[in-house]
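Right after this note come the structures.
Shared between the two complexes below is chain A, which pairs with chain B and chain C, respectively.
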Partner chain A sequence: MPKKYHIPVENTPPRFLVVGKYATLEFREDCAGSCRECVKKKCVYDIFKENQQHISSMDEPEYLYTCMSCFRCVQECTKGIFSRVINPDYRSLGDDYWHADIISRTWYQAHTGKIPVSGAGYRGPFVGKGFDSMWTDMSEIVRPTRDGIHGREYINTSIELSRRLTRLQFNEDMSIASKLPPIMEIPLPLLFQLPDFGVLGQGVAESIARAAHRLGTLLFIRPEQYSDALSAYTDSLIPCLTKDNYTEHPSLIKQSRMIELEYKTGIGQEISAVRAINPDVIVSVGIPLNSRAAERAVVLTQDDVDTLHFYADNHGNELGSDDPRFLKEMIREIHLRLVKGLIRQKVKLIFSGGIAMAEHMAKSIICGADGASIDIPLLIALECQVCYRCKKDQPCPVSLEEVEPEWGSKRIMNLMGAWRNQLLEVMGAMGIREARRLCGEVGRSMWFEDLEKECFGPLFGERKVKGLGC
Partner chain B sequence: MQPNITIFHCINTFADGNFLPVGDNVNCELNMVKLPCSGMVKDVFLLRAFESGADAVIVMACPEGECRHVEGNIRAQKRVEWTKKILDEIGLDSRRLTLVNISPGDVNSAIDAIQQTISSLADFIPNPPATVRETAVA
Partner chain C sequence: MTDKKTTLPLTAETPSRFRNTIGKYIIRRNSRCTSCGLCAKLCPYGVHPRYDNYAKPMRPQTHKCVGFACKDNDYYCVDRCPEKALSLRLNPIMETLGDYRWTTEMILGHWAMAESGELPVVDLEYSLGNSGGGFDKIRFKKAPKKDRLDISDEEIDTSIILNKRGDGRPEKKISIPCYGGGMSYGSTALPVIIGRARAAKRLNTLTCTGEGGYPEELVPYKDHVITQMATGLFGVREETIQHAPVLEFKYAQGAKPGLGGHLLGDKVTPEVAAMRETVVGNALFSPFPFHSVYSVEDHKKHVDWVKQVNPRLLASVKVSTPTDVDMVAVGSYYAGAHIVHIDGSYGGTGAAPDIAKKNIAMPIEYAIPKVHRFLLDEGVRDNITLIASGGIRNAMDVAKAIALGADGVVIGTAEMVAMECVRCGNCESGRGCARGIASTDSELGYIITQEWTEQRIVNMYMAWRKQWCNLLRSFGMRSIRELVGRSDLLVHLDYLEEKERSRYQPAPSEALIL
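Presenting the complex of A and B:
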């Protein structure tokens, strides 16, 4: 039996104190003093014990916000001296898409490699924008011993990045007559790319490349970002070339397993030229995710491209539109256009931009993507606070320029381990054992728009105001 | 060297002290510490601020009866009084530490309190830790 794919995780503490969410407000003047039922001694996370140590060493007050929000102290204190508060710095983390909860949970996963669990349960809204208006069908969740992380049966998360023939042809002696294209498979439906902002020093690039190498996935990288330190990971790098500069990098094309060409009209000639240099290379084309993306996908698929890589903006929105559609609608459009043209099987679709959580990866695949490419979550795993100070040439609060590659790669592997475990849980609960089988499987999902139409449409008619939360 | 003032403020008075329009005529270094409630202020934090070189410390709390946590501002007042005694005992002058009650969004009162503190700084002897730090830098 072949060895199961497994991501080793290892506790990798952060270099700086994390911006915690909760703290307890304590009116200690009301404390009974030598109470035998003192909840401070009963705290399962030893928060109060650690607080005492911090106070004795006069540390900065960030340590206050390490509470896990289990409410035990609030509920059980005989004098009721505790109440729970939220750290004001936590509230101001990130932006309206990369919000504090996403950042905080990514830090946790990068630290521990475990799936984050909320102590006080989910108290958020029923539905939200983007991926939050879509749910996965967990109706097969009744078999925890068979499926999921601890299940006895293997769930395959690998995907292909190479093109496929739509049919095979055979000779009279039943040998294959079709010329088979090269096959390339990665064990995760995730690829990496370097973000378009952030302190992208050598340590950050090497951390990501090393993690990609160990995980068996790939990193999209521009030729000018190559360095001697990355030479050990050549197998895991995808050079992103353009129509103008690909002739300057024949050695990169020869040594790489996969390359990406930026989309330009008439790119077919360059694809042929690249294959002439290295016939086994897998060719991807990077396409901006705009209103013309679907029609370009159809043309490029007929040109025998292996993979199409669509770039949305950092919030997962369509580019170049006053009224942008979200990633999930764009994926559906492209996927269905290819299905309608009977060419979906030929090509692989990768989407990047706005993939912030493990569930976004699973939901993208359900919408019709083969895989996703991530950038900002990798930076967050290295403790980035998405404060955008680097964009204003201000110093990074977590000194990303000083990241040590071994530490950084462990943090990224932890994050990927947690994400893969979540994908396994979702797929196990859906009764699906192959990430490839999940692609376009919208029958295993529920969409708010459809449910609303189904439930309330007959009573109230069509929605008069566009969008959610109106 | 500019005077250094540390301000502990409740986020219910104003969301972020770093955006206070103090103006260019305020010639001092302001170090803002946001707190979910002024009741989170402890004597160790106040003393820690002085130890770090603050020439004055201001605690900005909600007016009495308006605390979101019922009596956080009253607790803060008590802790400030307690810390003032310690400051007097160690010869640092308790007037360096003040608590002001500010209604939510009343930016003008906050700026007035800062300016008043700056003008009173001339009466105090320099904070010893700050002097040590300046000497080390020199």
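Presenting the complex of A and C:
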């Protein structure tokens, strides 16, 4: 039996004090002073332990990453001097897509390698934009037999990045007559790329490359971002070349397992030229995710490209549109166009931009992607606060330029370990044992519009509010 | 229809276990106070406690303060204080307590109900959450005044029947359209388990063991305790099946459909390990699925077996809400179940991956009408009891669920909130719940008593009952059973034209920091 894929995780604490959600405020003028019942000493989670040591010098509210929100200090202080507020720094994390809770959970996963588990029910809105307007299905009976995430039955998360023939031809002696294209497989449906912002120093690049190498996945990287430090990870790098510069990098093409060419009209010629240099290289074409993405996908698939890599913006939106569609709708359009053209099986589809959580990866695949490529979550794993100060040439609050590659790669591996385990949870519930089988399986999902129509339509008639109504 | 008056369990003032209560408003007394006692005399809500033999001012019971609405009253303490020692403001802590589904006001409202047994007098929105969909967008139509019945709460029947098969087994009538959800020995403190059972007995309803065995202390309440049989079969014995009026097969749980239960090692104390026949300190995973059930025929074999063990027992089948939940429900009926219990995806849990709670399976609001209609079309709806759960938070959610097609509901989280749960979500970590509810820790699990638990739950359901009675009276109904499937009495705000929509209370919508 082949070795089962497993991502080793290891507790890797952050370098800086993490921005916590809550602050406990104390009205010290009312403190009894030498109270024997002090709730700080009695905290169930011991979070005040360190505070006590420097309490006399503390002149600002202490923001508590570790506060577990039990409210016992607030409710039990003999003088009632405690109150709580939301940390203003927590509010300012991220933006309207990369929410504070996404960043905070990513930090947790990168720190511990564990999947976020909690008690009590779901706390969020009934339905939300983008991926939050679909639910994954589950099967009451038909599902892999498993005990928690360390299941006895193996769930395979690997995907291929290489093209396939739509049919095989045989010689008279039943030997295969078709010329078989090279096969390339990665063990999880995720690839890496460097974000378009951030302090992307050597430490960051090496952390990501090292993590990709250890995980068995790949990193999209431009030739100018190569360095000596990355030479040990050549097998895990996908040089992103253009029509104009690919001739300058024959050695990169020769040494790489996979390369990416930026989409330009008539790119087919360059694809042939690249394959002439390295016949076994897997060729991806990077395409902006815009209104012409689907038609380009059809043409490129017919040109025998291995993988199509679509770039949405950082919020998962269509590019170049006043009324942009979200990744989910764009994936459906491209996938279905290829299905309709009977060529979907020939090519692999990778989408990037806006993949922020493990569930986005699973839902992208359900919509029709083979896999996803991520960038910002990798930075967040390295403690990025998505504050965009770097875009304004201001110093990074978490000194990303000083990231140590071994620490960084462990944080990224932790995050990927947690994401993969979450994918296993979702796939296990659906009764699907292969990530490849999940591709385009919308039957294993439920969509807001469909459920409203099916369940509420007969009761309430037609929806008068467009969209999600929230 | 009934003309008999129901005897209701008594409510009793059951204050918070904690010294400082949390309210919507904060009323503060500064050092100018001379302890004249005027505020205590004036306030009809008891915000300013004062004892005859104790002259010093005491800290105000802020959670009872009705806030700025009091300003026009001649007993408004802030204006009447001769020393101007009192000040009133909104409590900033509100922002740090609730979430989209259980808003802060809903939590505080339920604490108030559990304390007094009455509907809150403070202006709290306890019937609608901020989720922007489902129950929070559904409203009851305004009933014509002529339909209103002039009858007392005691004359209204809120009971439901759990066995409609007519198979010679007991009909089993419970007095409220709710029973308690499964919370296992191991996941919750023993006083909580026993307190819930005592409340169930007084309310003439049921509670459920969850998958953790049947502690001896539950035996006196056995007529009101459902034995749950889940995939780990922890603590299930022939005698616990013989005790049970209802046996619940838990195939799945709404909060984590398709995943097994998980009790972390810290919670597996010697007592829990003994009950579950496992090893102390070892995390316990319930496997998935039932290793003995891979078809509806296998399921029928299970149902037949437990029916054989206890000839008076009713069989309930708890499933979550996949896309084919309607088919599963019909399959369960034909396998011999008396109750089909569908558990929606936004339901509570002691521990579940966040990805599962948010994403797997459909919300209960969709599943109820889907299953109800399918059972009707199959011609079996009158022979089976449809119970819904998972995200049913308050009395009006219960009524809406029934109008959508359920016979009754199962309540878990609201009972926890009645016990002062703050929904911090740390039920599973370390020593468990810091508030003593979901903990087996020798210290934490005993900061709560069964008597207190019992009365808080009774109080909450009695307050809920008042809301149901008001609603039923307004529609001219004498029994909650008349409400089943009456979706014609409901509107969904998103399905109304703007003008019509404006006649209904808008859905709360406030962006929260999660």
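The rule is simple: the second predicted complex is superposed on the first by the 394 of 470 C-alpha atoms of A that agree within 3 Å, B and C clash if a C-alpha of one lies under 4 Å from a C-alpha of the other, contacts with A are read in each partner's own complex, and residues count from 1 in each chain.
Throughout what follows, a contact is a pair of C-beta atoms (placed from the backbone, for glycine too) under 8 Å apart; a residue touches a chain by one contact, two chains touch by 3 or more.
All values reported here derive from a predicted model rather than from experimental measurement.
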Next on the checklist: A:E29 in the overlay: touching chain B, chain C, both, or neither? Say first, second, both or neither.
Outcome noted: first
Next on the checklist: Is A:L165 touching anything from chain B or chain C once the two structures are fitted on A? First, second, both or neither.
Outcome noted: neither
Checklist entry - What is the contact status of A:S83 with respect to chain B (first) and chain C (second): first, second, both, or neither? => result both
Checklist entry - After superposition on the shared chain, which partner residues are touched by A:L200: those of chain B (first), chain C (second), both, or neither? => result neither
Item to check | Touched chain A residues, chain B compared with chain C | outcome: C
Next on the checklist: Is A:A229 touching anything from chain B or chain C once the two structures are fitted on A? First, second, both or neither.
Outcome noted: neither
Next on the checklist: Which partner chains sit in contact with A:A273 here, chain B, chain C, both or neither? Use first/second/both/neither.
Outcome noted: neither
Next on the checklist: Going by the contact rule set out at the top, does A:L451 touch chain B (first), chain C (second), both, or neither?
Outcome noted: second
Checklist entry - Residues on chain A in contact with chain B in one complex and with chain C in the other? => result 83, 85-86
Item to check | Contact footprint of chain C on chain A as seen in their complex | outcome: 21-22, 44-45, 68-72, 74-78, 80, 83-86, 90-91, 99-101, 105, 115-127, 132, 135-143, 145-148, 357-359, 362-363, 422, 425-426, 428-431, 443, 446, 451-452, 454-456, 458-465, 468-470
Checklist outcome for this item: Within their complex, chain C touches chain A through residues 16, 18-22, 59, 92-93, 95-97, 99-102, 130-134, 136-137, 251-252, 255-260, 262, 285-289, 291, 293-295, 319-320, 322-324, 328, 345-363, 365-367, 369-370, 373, 390-391, 404, 413, 416, 421-431, 433-435, 438, 444, 487, 490-498, 501, 509, 513-514
Checklist outcome for this item: Touching chain B in the complex, chain A uses residues 23, 25, 27, 29, 55, 58, 61, 64, 83, 85-89, 92
Checklist entry - In their shared complex, at which residues does chain B touch chain A? => result 11, 15-16, 33-37, 39-40, 42, 44-45, 48, 51, 69, 71-72, 75, 78
